[in-house]
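Common to both upcoming complexes is chain A, partnered first by chain B, then by chain C.
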Partner chain A sequence: MSTRSVILDEIVRIAEQQKKKLAPLTDDLPLLGSGLDSLCIAVLVATLDDTLGIDPFDRDGDVPFPVTIGDFISLYENAPA
Partner chain B sequence: MRRPERRSLWGLTVASGLSPGRFVADCDGRIDLVDLAQIGAPIVADDKFRDRSVLISCNRQLPAVLAMLALDGVARRILLCPPDLSPVHLPAVIAEAAVDMIISDGTGPAAQPIDGIERVAPGPSGPGGDRSRATEWLLFTSGTTGRPKAVVHTLDSLTGPLDDGLAVASDAVWSTFYDVRRYGGLTILFRALLGGASMVLSHAGEALPEFFGRAGQAGVTHISGTPSHWRRALMSPGVEAFAPRYIRLSGEVADQAILNNLRLAFPGADVAHAFASTEAGFAFDVRDGLAGFPANLIGQAGGKAELRVTDGSLRIRSVRTASRYAGAGGDLMDAEGFVDTGDMVERRGDRYHFVGRREGVINVGGLKVHPEEVEAVINQHPAVQMARVRGRSSPITGAIVVADIVVRSTVARSFQTTRDEILAACRLALPPHKVPAMVYEVASLNIAASGKLVRERA
Partner chain C sequence: MLNALVTGGTRGLGLGIAKALASSGFQVIAIARNEGDAMAAAREQVARDGRGALHFRTFDLADIDRIGDLVKTLRRDFGGFYGLVNNAAIGTSGILTTMPDSAIERAVRLNVVSPLTLTKYVVRSMMTGQGGRIVNLSSVVSSTGYSGLSVYSATKASLTGFTRSLAREVGPLGITVNAVAPGFINTEMTRDLNSNQLVQIARRSALQRLPEVVDIANAVDFLFSEQARNITGTVMTVDAGNTA
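Presenting the complex of A and B:
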């Protein structure tokens, strides 16, 4: 399964779990406009760390925070394995 | 012309100059301070508030600000009720603070009438004069197990932080993501009111792009929030709608990533992170753009706030500290007047860094979670032998809650089923930030010689 589809599946699963109504997911959609709140995104990032073994958010660095779903997916697709 | 009254919030606001154009605004309205002075109306010291213990209950922040201005120096006590206070806790809170009057616009935790307590709508009030009373300000701490705890401040302790040497031009427009019924927000409001500036208030539930639009239009120059507020802001479209000159972080540990990101997003702004708690008050801020704080802040005597590190945790003694917990809340400070913040620090070179909370308290986006209250819910599940709840570092909310569970050996069903049931029970019993984001099965958990579960620092 591609990184993209893992992420999109997780977004749907977390929205369901947290009882959030999701907007149709497109690359241009702002992450925070998708229906997910900060807590959901925190859960998403931790889940992806567990399943993909990737946490692209460097606590000490300059990784910009993603604004759209597309930004978020590219962060993971471009993260060094 | 009357001499401006000293001591009171309104008196100090007047003394800072009521130039035209100074305002306080929220999502639904705006008030010009000079108009308040001219009509006198909501600001006149009203005898009906004299010596009363008043709870303010409004969802919006602007009516609450007007009530604060009307009450300080007149009422015995002001109890600030953030809109998220559960009405379940209201009777106990009212008893503890001896509340005998409620100012409400029909919203907020005390929206419904309560037997035996007089209610007043925020708005114009009658004549009166003297504003010399030292009103007590009761504020809720940012998170405890069960019933919220209130601490007692005074106008002096709450305006103490303004003495920190931060130079702010009088055309400044302050804003904060915090609610001004919380310490972090209230001290920003006071910076605006007493500093001759204006204030844009946030509103719970308002979408960020709308808030940014309002802030941009109102010309916000100075704005504060938690690192989690700021991460959310940077992930939101519309953040470019405003260009603050000063950005302040508090309420959570500011890591280097959020400091760097803010510098990149707002190249023209000074970025500072402050350390404060509702109990200890504002202690210091750090303006060099680096995480942690300079080690030479520790042990300096005679300053506005004295800091020491004892048993690994940061202790603060300061005139900005609250005087006590309301009711029988235990001791707020030690015999020498130091408040133990419970924040553990570690020295690396010439800086101290925050490494977590004693007792494993987890800070999820500024909201504190005690592991024990989550464990108590999980332990009710018949398949659970033992549970440990801990914080897991999050680049989005600082931390999230996770649980490690030892399942009883007699249980044959799948862990998946047990986990789903535990999560369902947690969602029923706990607010969303306290529900474990992940539940792991572990073979065992360490127990210390004291018989207590070994906790890692969150």
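Presenting the complex of A and C:
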């Protein structure tokens, strides 16, 4: 499964779990306009750390927080292995 | 068994907490710089009792840059965490105006930056699990003050603010965050207080005595229990009525 698919699946799963209504997910949709709140996004980051072994926001991850869904996915797709 | 991480869990208060949680059925992982005889004996005792588990891992919590890697390693070895007790601290004492700058910085790093950073990484496994429990060890001096403990008091007061805000932040995920504020107890940390001072503190307490390690451990154990599921964002004082 591609990184993109894993992330999109997790977004849907977390939204269901946290009872949030999701907007149609497109790359240019603002992350905080997707229906996920900041806590959901924190859960998403924690889950992706487990499933993908990638954490762009660890101590070395001095990166600006991604604005859109596409930015968020790119951060994981372009993370060093 | 649910996993619980206890910092500074090899002696004094931390060891008492680690033993209490193990006897309540948790798999406790105590981290500290050295194991020591008391911890080794406690591990043997817990193994003999056959209830809960007690493990030790060496780590210097002042090594903040490695805390993220530590948590990854512990999760790989033991699985995700249900509980965290931020107990490790340095009891820096002395008059502020003559205290070395380095001592102030060291206390803030170990007593504040380290537990905040550790919590950041540990709480993630609670977020993806089934809730969790965080207990931060504060101190009565964070609210009452005590001459010679200004730096220590400042670090402990910061943990109560941290406790309340984090409780709100992670509450929707079923994670509780509380602080326990012990009064003065007889441990290695209070060795700078002479016996007269301890007698005076006991005399001024409602119950005319000092609390013991087991009293604080019981409070933490309760906050970890199902009975405490609706308690979050609080500071539980255990001081034999010293601040009553």
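The definition used in the following text is that the second predicted complex is superposed on the first by the 78 of 81 C-alpha atoms of A that agree within 3 Å, B and C clash if a C-alpha of one lies under 4 Å from a C-alpha of the other, contacts with A are read in each partner's own complex, and residues count from 1 in each chain.
The working rule: contacts are C-beta pairs under 8 Å (C-beta built on N, C-alpha and C of every residue); 3 or more make two chains touch, one makes a residue touch a chain.
For clarity, every value in this text was computed on a predicted model and none was experimentally measured.
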item	value
Partner, of chain C and chain B, that touches more residues belonging to chain A	B
Touched partner set for A:P30, first chain B, second chain C, both or neither	first
Which of chain B and chain C A:A79 touches, first, second, both or neither	neither
First, second, both or neither for A:L22, with chain B first and chain C second	neither
Chain B versus chain C as contact partner of A:L39, first or second or both or neither	both
Which of chain B and chain C A:D50 touches, first, second, both or neither	both
Which of chain B and chain C A:V6 touches, first, second, both or neither	neither
Contact residues of chain A, present in both the chain B and the chain C interface	18, 39, 42-43, 45-47, 50, 55, 58-59
Complex contact set, residues of chain A against chain B	17-18, 30-33, 38-39, 41-43, 45-47, 50, 55, 57-67
Residues of chain A defined as touching chain C within the complex	18, 39, 42-43, 45-47, 49-50, 55, 58-59
Residue ranges of chain C touching chain A (in the complex, touch as defined)	65, 68, 124-125, 127-128, 169-170, 172-173
In the complex with chain A, residue positions of chain B that touch it	208, 228, 231-232, 234-237, 255-257, 260-261, 264, 364-365, 392-397, 400, 402, 423, 432-433, 437-438
